[in-house]
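Can you keep this structure in mind? I'll have questions shortly.
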Amino acid sequence: MITAGLDIGSGLTKGVLVEDGVRLLPARSVPTRGNPAEAGRQVLGLLVEEANLLPGEVDYLCTTGFGRYTFPDRDLQVSDITASARGAVFLFPGSRHVLDVGSQSTRAISVSETGRVLRFKMNERCAAGAGRFLERCAKYLQVPLESLGERAAAAEHPKLISSVCAVLAETEIINHIADGVPVSEILMGVFVSLAQRAHTLMRYVGITPEVTLVGGLVHNSGAVTALERTIGLRVNVSGDAHYAAAIGAAVLAHRRLVKTSIAPAAAEA
Amino acid sequence: MSETVPRNTAPSPPRAAGEGSRGFLEEGRKLQRDLVEEYYRNLATAKERGQPVAYMLVGGNLTEIVRSFGYEVVFPEIIGLNCAIKHASLDNIVHAESMGYGLDVCGYVKNDIGLQDLGGSTPFGKVPRPDLLVCSFSGCYIYVKWWEALAESYGAPMTTFDVPYMRSDRPWREDVDYMVSQLWEFVHYLEKATDHSFDMDALRKVLAESRRAEEGWVKWLDAGRLRPSPIEAYFEAIFYMFPINVLRGTARAGDFYDVVNAEVERRVRDGTNPVPEEKFRVLVEGVPPYTHYRTFWDYFRRWGAVSVVATYPKVGGLFDRGFLHDPSRPFESIAEYSLGAYVNQSWEQRRRIIADYVDQYSADAVVIHGIKSCRSFTAGQGDLRDWLIHERNVPTLYVESDHEDPRYFSPAQMRNRLDAFFEALEQRRAAGSLAPGAGR
Amino acid sequence: MSGLVSIEPSVPEPSGPSTSVELSEDFREFTDARTLAEIVRWSREVVSDPGYPTARAWGRSGRGAVGCFPVYTPQEIVHALGLLPVALHGGGENVEISHADAALGSFLCSISKSTLELALTHQLDAFRAVVFPYICDVSRNLEGIFSRLLPTVSTHMLHLPQNFTSAGSVPFLVAEYRRWVEKLEKVSGTRLTDDALRASIETFARQREALAELARLRMNEPWRIDLSEYYLVRRLGGLLPRELHTSLLGRVLEEVRGRQRKRRDAIRLLVVGPFCEQPTLDLINLLEEVGFYVVGDEFLMLHEWCERPPPDDDPLRALARAYVETPRDIGVRRAPSQKGTSIVERVRSAKAESVLFLTAKFCEPALEDVVLYRRGLEKEKIPYLHLEFEERSTAYEQTRLQLETFAESIFFE
Amino acid sequence: MTLTGGVDIGSTTAKCVLVEDGRVVGKSLAPVGVDIVRDADHAFDEALLDAHRGREEVAFIVGTGYGRFKIRFGQLVVTEISCHARGASHLFPGTRLVLDIGGQDTKVIRVSERGEVEDFAMNDKCAAGTGRFLDVCANALGFDVAEIGPVSLTARRPVKVTSTCTVFAESEVTSHLSRGKEPPDILAGLHASIASRSLSLMQRVGVVPEVTFTGGVSRNEGMVRALAQRVGLPVNVSPLSQFIGALGAALLGQERAAGAGA
């Protein structure tokens, strides 16, 4: 049985195929660019092509992410918090706490052994603690997104960002630059500020190890280091964890498929 | 400084040496420090000494009665402001947020509850846990919510002293009766809780001490009427209000104001005023931004602005408007005093008080500092500003930040607003459209 | 300087759907409304009109209406003077705030701002008096602003006692009510008599009973009446003459009991927190759309705050006693029991499986309680979620996401 | 015949204006980057170039704007509030209310007949509904900021925009797009929403004619119309609108220079 999970995010649309709910097939992403349905179709096309399947061979498709309702050919949709939690436990079965940092929001989730959401909390009101903020910082500091972590590594005295607003935080950064603060320290400050905000959310739901990071932030080694230091625990990270929500969606699709196909079979028997 | 460095239109801040240059009375400030240290030492050792601890709120507090039963008294608001001045509030606040207190909950509450949950250690010593929570419901609804939360966390008993809201010049008979009956009930409660019997004569003596301190405090406040003003009625007062709020009823409080007032007299004689060249006489309304309190003060000083009168130091009681403790009518006067806490005044009363102050202290302008997490003080300050400008013709500035949460204070923005305000005042004065002291 | 331009305004468009409902003086529309659907339709129109049409209709017959800010006021007193007590519930999603911000400041709940905005834009002109109970500092301070900006309206800040055990509380509250009565007597031009007040107490008791009956039905068989229907019918209770509302409730109960409807597989939910500012109807609908049955709530506490006043020679004292002696656990009244325990009891007695804290943004009394409540719920492993809402916000994406996750976390094992 | 300069270092752009005898003789506009000191220098040089004048000819330089303390070569710094009031009153002597929407904040200033600041209010520690917000929205819709004004004027059914939070601007726009709304309608909705936010701020100091609109966002014609409509009053706009802060600074410099000479 092949199931698909599509995570239609505000920045990127991510998709994966999963075989029998246990084996990860290829994962792909494309920018959403304001057209979620189209992005979903594109990703699905890529996945099917990569796995050498015919479009009809995907048995069940579950969407998640902010655009989950916009994709017409779905069999099921679940919220991205539910999906990320499942995905995290799929990738790291010991996960009991999942931190999901996407482009516009940060969520702390406590999960059961099976990946069920026990409690969760999202960032309030302002978006200064999320991924888009990092993208802007990268732009401002003229450092490529991919090497933010590397650049920050040298920092000794991180310069914290106090503003809760991502826009005003930029001004703060400019001020630091004008005051001659080295870029590495500003960057590390950005990471630490982000980690501290995440930590407050995490403490609200309660932190039980293992902690797994999912969402786009996994690509950011600097942020991961800052996070581990702030919370005082090791954090599970893997490149696949950017796809956690898509994976979780595919896994939930598989469970649903098993349930619905077994139920009629059982009735026949 | 080279010629090319731009000057502000304002004079740069005075650069004399020592604490005196910050506008403090030297002896007064030193004595105040000693009193504060002693107070925290007593708190830290209260449990060892077997002394019970009562928590109390500043507004309309019942210090005299509670102390007469042998309690040591903790004022979490005072601890909160001390933490904020020492930059120790943010950790507590963030901790409280992780406990579930939302962004918009009063900073005092979050500082206190976060602090307690983290073990009660402050830069000045450990704060003991309460054996009794006395909630004087005088002017702020959050008082009730806050004490309720503490009562539930500690399982400590809570008593409420309900203080009706003041909507008239003088207290209403029924309100005072209600409060007197509550005071009797409270006293009976304390008798049971401590096994001490209540001694009205002892209370009268304590109240006589309170009154002496109150008179001294009022004398200090009144000095702001002089021109130039020998006192800083907002920035300096924050420190000198400690004895009147916390140590009332002890001889030390009264003595403190004697020392302070003698020093003020010297200032008047020598002309060593807190701001060397008094250019603007300002009334300040609202709770200070304790986390950036020196920065905030500097924004005034660099313009030669001195606060000659302020409403915030009256949160503990409007002694300068007649609510003094009277040993011959102990409970009635306690009731009247509690009714007179500043935030317990209706907006109509508050407007009247401010208008009177502007006249009595010949203020040129009003600066209102709003607190984002305090609705009691703040909700309606915008309307006050409107009223002052349009109906009283008093130039008024409204700025906003927080008393406890440094994340809400933006130095650049704050400075911009104050600079613009004083710039405009200066312009108008130069053009003759603002007479000095034209607070009418 | 020829380059300077001055752009003239074109005719401004009306902002929002300016529905203005004209009701007849005797509220015939409601008397004639036979079915629940008709009642709900009228209610929807009345509720979405920020000009309080029932107060206008009442006023046209020369009688005065009195605006009652949430949560609780002894409306019996207003009624006994021949005035119509009308529950103020803010401006809803269609009122744009442009004047009130200036007076109030930015970090305040929407209901305080929209109520002032409505007053300043003459939408509350039908009210001859407004009362603000001391439920929080915002409500309290609002009175002082009203009294300055709207000098022709009689205002009162009602100090409700916070000491519920003192022997002095009831006599004080009687005196406080008297002070208010004096103002209202001027407004109505009549004097309050004990007999009239006793009769009013009866009227309100009957309404309370009927509302309690409907609440029981909703709790036991939530599928019989949609949440929005239930909400709208109740909301009328603070807007219409109470006698009329009680008779409407009779009709509603009858119809609902007879309905044949399928029960959904939904999670039983207790909603705590919106006792003052009200969320939009869309948000209320969303709660059940994502898979819940709301079986207990704090949406409109006006009638539920107090129990029927105890028998007493003095009816005013009876009302005061009802306030002081009814132990009600709500964000703006101290409960005798611990919050952590009382929430669990409430969950149990509503047979709820989960709790939603739905608190108005910047509503501090509600925010502070959430912490105590959640401690109690965590001990008992009862799932909960905390969401903040705003009167005017119509962007539900974040809210939907969280509600769906909450439902999924209970549904998926 | 005194030549004075005003340098306005904003959050987004640096502006410089040179004034001689009350007339603008040179100006420059450039984006602000991370090196504010250099940007200020650069803006000043550009303006000199524009006026064909030399540095030594400038008698007095006044700095303003949020980066005013970073201007190394000025003699005086003044807040933008005083400068916008001064500049607006100079161009439109009937001005009683100035609305300035820049890259990161919004200000309203009530001025007296003599151009003195009587009262002012600013948005509070939040960048919602400012120039930056419009920049992000324009970007999300694939327009240049200079285009969005004219485009918005072709709207037929403006959408209702609830949030003007700059950070969520992009998702606000995307979610309207995904619901099939047309860009002009979305833009008109955005403008209307900023206009009503501005009105609310204006109410704080009292709305009195004449209203003069300044700052970079006043170059946006759609915004100007939305504002005039919402406020119900004509709105003055000058082609120099983005330079008014710098102009005010240069004019204050004229007074200073004259004062010093006397």
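Going in written order, the chains are labelled A, B, C and D, and every chain counts its residues from 1.
Note that in this section a residue touches a chain if its C-beta (ideal position, glycine included) is under 8 Å from a C-beta of that chain, and two chains touch if they have at least 3 such contacts.
Predicted, not measured: the structure shown is a model, and the values here were computed from it.
Undergrad: Count the C-beta contact pairs for A-C and for B-D, then tell me which is higher.
TA: B-D
Undergrad: How far is the middle of chain A from the middle of chain D, if each middle is the mean of its Cα atoms, in Å?
TA: Each chain's C-alpha centroid was found; their separation is 39 Å.
Undergrad: Approximately how many whole Å separate the CA-defined centres of chain A and chain B?
TA: 47
Undergrad: At which residue positions does chain C touch at least two other chains?
TA: Residues 101-102, 106, 388, 397.
Undergrad: For chain A, write out the residues touching at least two other chains, lowest number first.
TA: Residue numbers touching two or more other chains: 66, 124, 163, 168.
Undergrad: Going through chain B residue by residue, note those that touch at least 2 other chains and give them in order.
TA: Residues 99-100, 102, 382, 386, 400, 410, 412.
Undergrad: Select the category (line, ring, star, complete, other) that matches the graph of chains linked by touching.
TA: Chain contacts: complete, every pair touches.
Undergrad: Under the touch definition given earlier, write down the residues of chain B that touch chain D in their complex.
TA: Touch list, chain B to chain D: 4-9, 382, 386, 389-390, 395-396, 398, 400, 408, 410, 412-413, 416-417, 419-421, 423-424, 427-428, 431, 433.
Undergrad: Please output the residues of chain D touching chain A within their complex, sorted ascending.
TA: Touching chain A: residues 11, 32, 34-37, 66-67, 70, 104, 125-127, 132, 140, 165-168, 170-171, 173-174, 177-178 of chain D.
Undergrad: Applying the document's contact rule, which stretches of chain D touch chain B when the two form their complex?
TA: 63, 66, 68-69, 71-82, 112, 114, 116-122, 124-125, 204, 206
Undergrad: Please name which positions on chain C make contact with chain B in the complex.
TA: Residues 101-108, 112, 134-138, 140-145, 147-149, 157, 159, 161-163, 165-169, 171-172, 175-176, 179, 332, 334, 338-340, 359, 361-362, 364-365, 367-372, 374-375, 386, 388.
Undergrad: Where on chain B does chain C make contact in their complex?
TA: Interface residues on the chain B side: 99-102, 104-106, 109, 137, 140-142, 144-146, 148-149, 152, 160-162, 164-165, 167, 172, 174-175, 177-182, 185, 346-348, 350-351, 370, 372-373, 375-376, 378-383, 386-387, 400.
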